[in-house]
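Structures follow.
Two complexes come next, and they have one chain in common, subunit A, joined by subunit B in the first and subunit C in the second.
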Partner chain A sequence: MFRFFIRRVALTLPTFVALMFVTFVAVRLVPGDPIEARTGERGIAPERLAMLRHELGLDRPVWQQFLDYANGIVHGDFGVSIVTKTPVLHEFATLFPATLELTLCGLIFAVVLGIPAGVIAAVKRGSFFDHSVMTVALTGYSMPIFWWGLLLIMFMSEYLGLTPVSGRMDLINYYFEPVTGFMLIDSLLSDQEGAFGSAVAHLILPSIVLGTIPLAVIARMTRSSMLEVLGEDYVRTARAKGLSPLRVVGLHALRNALIPVVTVIGLQTGTLLAGAVLTETIFAWPGVGKWLIESIARRDYPALQGGIMLISGIVILVNLIVDLTYVAINPRIRHG
Partner chain B sequence: MAAPSPLLSIRNLSVTFATGRGPFRAVDKVDLDVATGELVAIVGESGSGKSVAMLAVMGLLPWTATVTADRLTFDGKDMLALTPRERRKIIGRDLAMIFQEPMSSLNPCFTVGFQLREAMKAHLDLDRTARQKRAVELLELVGIPEPERRLKAFPHQLSGGMSQRVMIAMALACNPKLIIADEPTTALDVTIQAQILDLLLRLQKDSGVGLVLITHDMGVVAETAQRVCVHYAGQQVEMQPTHGLFRDPHHPYTSALLAALPERASGRILPSIPGVVPGLADRPAGCLFSPRCRFATQTCRTVPPPRAGADLGYALCHTPLVDGHPRALKKLEMPA
Partner chain C sequence: MVDPTATESGTLLPASGGDGHLLVETVPPAPSSLRAFWSAFSENRGAVLGLMVVAFIAFLALFAPFVAPHSPIEQFRQFVQQPPVWAGGTWQFPFGTDAVGRDILSRLIYGARISLGIGMSVMIVSVALGIVLGLASAFLRGAVEVVVMRVMDLVVAIPSLVLAILVVAVLGPSLVNTIVAVTVVYLPRYVRLVRAAAIAELSKEYVVAARVAGVGKLRLMFVTVLPNCLAPLIVQAALGISDAILEAAALGFLGLGAQPPIPEWGAMLADSREFIRAAPWIVTLPGLAILVTVVAINLMGDGLRDALDPKLRRS
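This part shows the complex of A and B:
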């Protein structure tokens, strides 16, 4: 188990090195640089441009800039944002709880609906329910996130007036200092009546939008995995014991069927965080995604590099955790 | 088949599967009676419907199967009229089954102990410690050393023979009245086969439980069973007490099966039955065995055979054999 863990962690190192390189290059491939982005159409005197570039170290050879950046990251220093002049790590830490809250809610939405839908579709294969679930899942999977988000806002917020259009909190009626950064928890801690309800209401639409693709993937994966497992001999053994269908399906079959589903859920965290960038932009959600989009517009190299590295790191970490969960579910790996 | 009050009584059991190419009759009008403590063997080639017939008794066939019977009673209860809930109270408790593939019949995600105690939890009124105690006893009974340690093991840590011992222990857990063993030794190493069979027969003798042994090993049948049913292509072609069947088989198929036994072969070449079991598409119009039968006449090829009486082993044949010769033919050949 310990050796498995060490080996698994060691495998992530080359990924990080490649990531460092790719983010560095990709960020610089976008035309323009931070100074041009800030001066915009006004233009800037060439000598002043040269001076500012020198200040930011942008006039040095690219390989030197890369080594500086790599050296910083190895020492845990993600640089300072060119625009806000605050350390990237600090900005990220301030914004990340909002993204995490949204991502978790989206994931919970996807898992809580996706797994039962997949299981029922598999048990009642060929039924109307099965066909409906699979059609809806395919539609959800194929839908562009931003379009789906706008549709939901138009219908739920504009037409029905049920949910707020954007943001994390009704700031006209409630205000409190962030404690944990999670609006659901902070609103409860604030003791302001109605604040928690407002936080929940603000979370509903973004979570649905963000969770739709993972929901589709999880439902389809659960269904196919379940179909395979339901034909296994041990499921027949369980039925031969006279166990209830709920126990046969929900315990004997599902436990085995979940193994590939957990892997898929892990892989979906990447999709979720990428989806969060779009979702946050649509719903004006003050998280890491929206911050990254703004950083692209400002060509804020350190913020972009650092932000992408940190998000990638989180995706890698989640997949590491998933692999360890996998071991917990599947005894054949644990003792293998 | 005049057992006083048979534990299991089957008349005209048929099972039809809905397939892509139309209905397929896997079991065709099969009869069977098993008395308490009796050992009945069902023999036949692969695909002769032996397992399917017994799975129908257990109610374990997939939803594509249609089961019909004039009578299907176990322990006085009509198994076809039971609700699923009522059936689940019987199977696993009074009626247990052991399967062909021990390695895949145990759920890889749960310990041996969990799976063993589970059946007791469903059917017996035992508390946790009593179940654990009984699980240890059961493993001792089936000859597994270090039972306490083995209960904590996962199925992949056991060998095939060990797994089948666990399956036998599981079948015995609730003191069943009848055990159906579906080729319990086929998937095992030859050296282990005899051990497992001996164990099964010893336990059957000791506990007085009824046993239906599905096999294609005539040698095993000769040594163990009191009565034998021979199946061919879903039909029951003969049923006789074991010594009668081996002394004087009445159906040409039984006769050919016995002739193919190595210990009965007289020449240097082991006799075999030419051809294969007919599939869904190439079913003969008359007797299903006629294409492979060396006694087949024109009548055999066109008219389905009648069932003979008890004196001729209920043989499904136009010309049942007596002392190795077709009886009806003999009559015809003898000049008046």
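This part shows the complex of A and C:
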């Protein structure tokens, strides 16, 4: 068990090194000089250019630059944003709670709807409900979520006037200093009446949009996993013993059916973070996804490089944790 | 040829061996693998519907210049933001016009070219690369396998859209670079699939027999083993087209894909936000085109999987 853990953890190290290498090389391949991007098109004196290049370490051999870069990352230094002049890690850490809050709410939406829908579809296999769930899941799975977001804004916000169009909070009526970075918690802490409601209202549409594809995946996975388990002998035994159908499905079958579902949920992190880029762009949600897209537009390469490194690092870590938990709760696959 | 039952009934032999005439007389005429496939595929009504829709969209894409009422980039300046027919517009522009007076129907029809073109290009390139890299790692093992599979692990570790963004940031936004970026993102699926299928085949007796008979390595890879790995690959390829279309549309939407005035569906949505109130059809129609196309391809892909790959059949 312990050896498996060590081996699995050790296997991710080369991935991290390769990730550093890829982001490093990619950013150096980008057309345009980082100094030109800073000074604009008017140009600068050659001495000043040399000084700036020296300051940024651009006059040193490439391999040394890479070692510096890798060394910096190991010590938590992801470079400094060209535009805001603040450390990339700091910017990322400020914006990440917004993305995390959105991602968690999207995931909760997907799980809370997806698992019951999948279970009921499996139990009532072939029924109208089953067909509807599968049709909705197929549509959700095929959904261009950026368009889905625009449709929801058009209908819910513009036509019905139910939800706000963008952002995380009604900043005209409420203001408070961030404490945790999670708007839901901060608004409660602020003791301002209505602030929490505003935070919830701002979260609804983005969570639905972000949760749509995971919802479809989870519903399909739960259904097929449940169907498989319902055919097992122990379920028949439980039924034969005369246990109530609710007990058989809810207690005996669901527990085992959920093992693959939990893995799938964990593996949705990448999908969610990729989806966050689109969702945040549509809803002007001030998270890392929107920041990443903006840093491309601003040619802020240190931010782009650090942001991709950090987001991918988080995905690798979450996948690692999912793998390890999976093995911990299911000893059958320990020796793969 | 890809029907697993065909292999057992011996119909595959004439195709692969060339000296199957001896066997043909002894084996009772099995239904041709194509017909067996079609009867399995057409059982699934959703799949047939998907196929019909895909065929229709492909038709529109192929014959866009003859089908489309207008040029996709011509700006009718006196007809800016005309509503579609059902919302009080005229038949001159059945689906209305966009913010600069371009005919939306024509843009959607030409957009089918772009989207299907991207989907097919990504699929063809990644299947070809996937076959080569996957077979190479299955046959050569050792360092080749380690390097290829580690690189694929890395690609999988980066969230798809983020990786595509990185590639586009390096290469610059354009239609061709969209194809490159999306291919990079989806390549690992094919490599892993081909490798796994090939490794599973390698231990089978017909491969051993071929080896003993002195079949060369390349022939063994591409002629003996590859045809038996095709079923899951075809399924993945079909589903891969729809994923590629979605990913490319997302890049277009972010302004990192096809550049104006190319009528790419995602790019058409890029600055439609400001017209949500004034001209909802500008927002609605391109997304609907993406959704319908992707749903149709996925339906077709599910049907293909059920027909070709009974092992993967969903319950």
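Here is the rule we go by: the second predicted complex is superposed on the first by the 280 of 336 C-alpha atoms of A that agree within 3 Å, B and C clash if a C-alpha of one lies under 4 Å from a C-alpha of the other, contacts with A are read in each partner's own complex, and residues count from 1 in each chain.
Keep in mind that, in the parts below, contacts are C-beta pairs under 8 Å (C-beta built on N, C-alpha and C of every residue); 3 or more make two chains touch, one makes a residue touch a chain.
Everything quoted here is computed from the prediction, not taken from an experiment.
Student: With the two complexes overlaid on their shared chain, look at subunit A and say whether subunit B and subunit C clash or fit.
Tutor: Partners fit side by side after overlay.
Student: Using the touch definition from the top, say if A:Ile316 reaches subunit B (first), subunit C (second), both or neither.
Tutor: second
Student: Could you tell me if A:Met51 is touching subunit B, subunit C, both of them or neither one (first, second, both, neither)?
Tutor: neither
Student: With the two structures laid over each other on chain A, which partner does A:Ile6 touch: subunit B (first), subunit C (second), both, or neither?
Tutor: neither
Student: After the superposition on A, what does A:Lys241 contact: first (subunit B), second (subunit C), both or neither?
Tutor: first
Student: Going by the contact rule set out at the top, does A:His252 touch subunit B (first), subunit C (second), both, or neither?
Tutor: first
Student: If we overlay the two complexes on their shared chain A, which of subunit B and subunit C does A:Ser142 touch? Say first, second, both or neither.
Tutor: In the superposition, A:Ser142 contacts subunit C only.
Student: Can you tell me whether subunit B or subunit C touches more residues on subunit A?
Tutor: C
Student: Touching A:Glu232 in the superposition: subunit B (first), subunit C (second), both, neither?
Tutor: In the superposition, A:Glu232 contacts subunit B only.
Student: How many Å separate the nearest C-alpha atoms of subunit B and subunit C in the overlaid structures?
Tutor: Minimum C-alpha separation, subunit B to subunit C: 12 Å.
Student: Which subunit A residues contact subunit B in one complex and subunit C in the other?
Tutor: No residue sits in both footprints.
Student: Under the stated contact criterion, what part of subunit A meets subunit B in this complex?
Tutor: Residues 232-234, 236-245, 252, 255-256, 329-332, 335 of subunit A touch subunit B in their complex.
Student: In the complex of these two chains, what residues of subunit B are touching subunit A?
Tutor: Against subunit A, the touching part of subunit B is residues 58, 60, 84, 87-93, 96-97, 99, 101, 104-110, 115, 118-119, 122-123, 154, 156-157, 167, 170.
Student: Hey, which residues of subunit C end up touching subunit A in the complex?
Tutor: 150-151, 153-154, 157-162, 165-167, 169-170, 172, 242, 246, 249-250, 253-256, 266, 269, 272-273, 276-277, 280, 283-284, 286-287, 290-291, 294-295, 298-299, 314-315
Student: So in the complex, the part of subunit A that touches subunit C is made up of which residues?
Tutor: It is residues 14-15, 18-19, 22-23, 26-27, 29-31, 138-139, 141-144, 146-148, 150-151, 153-154, 158, 223-224, 227-228, 270-271, 273-275, 277-278, 281-282, 292-293, 296-297, 304, 308, 311-312, 315-316, 319 of subunit A that touch subunit C.
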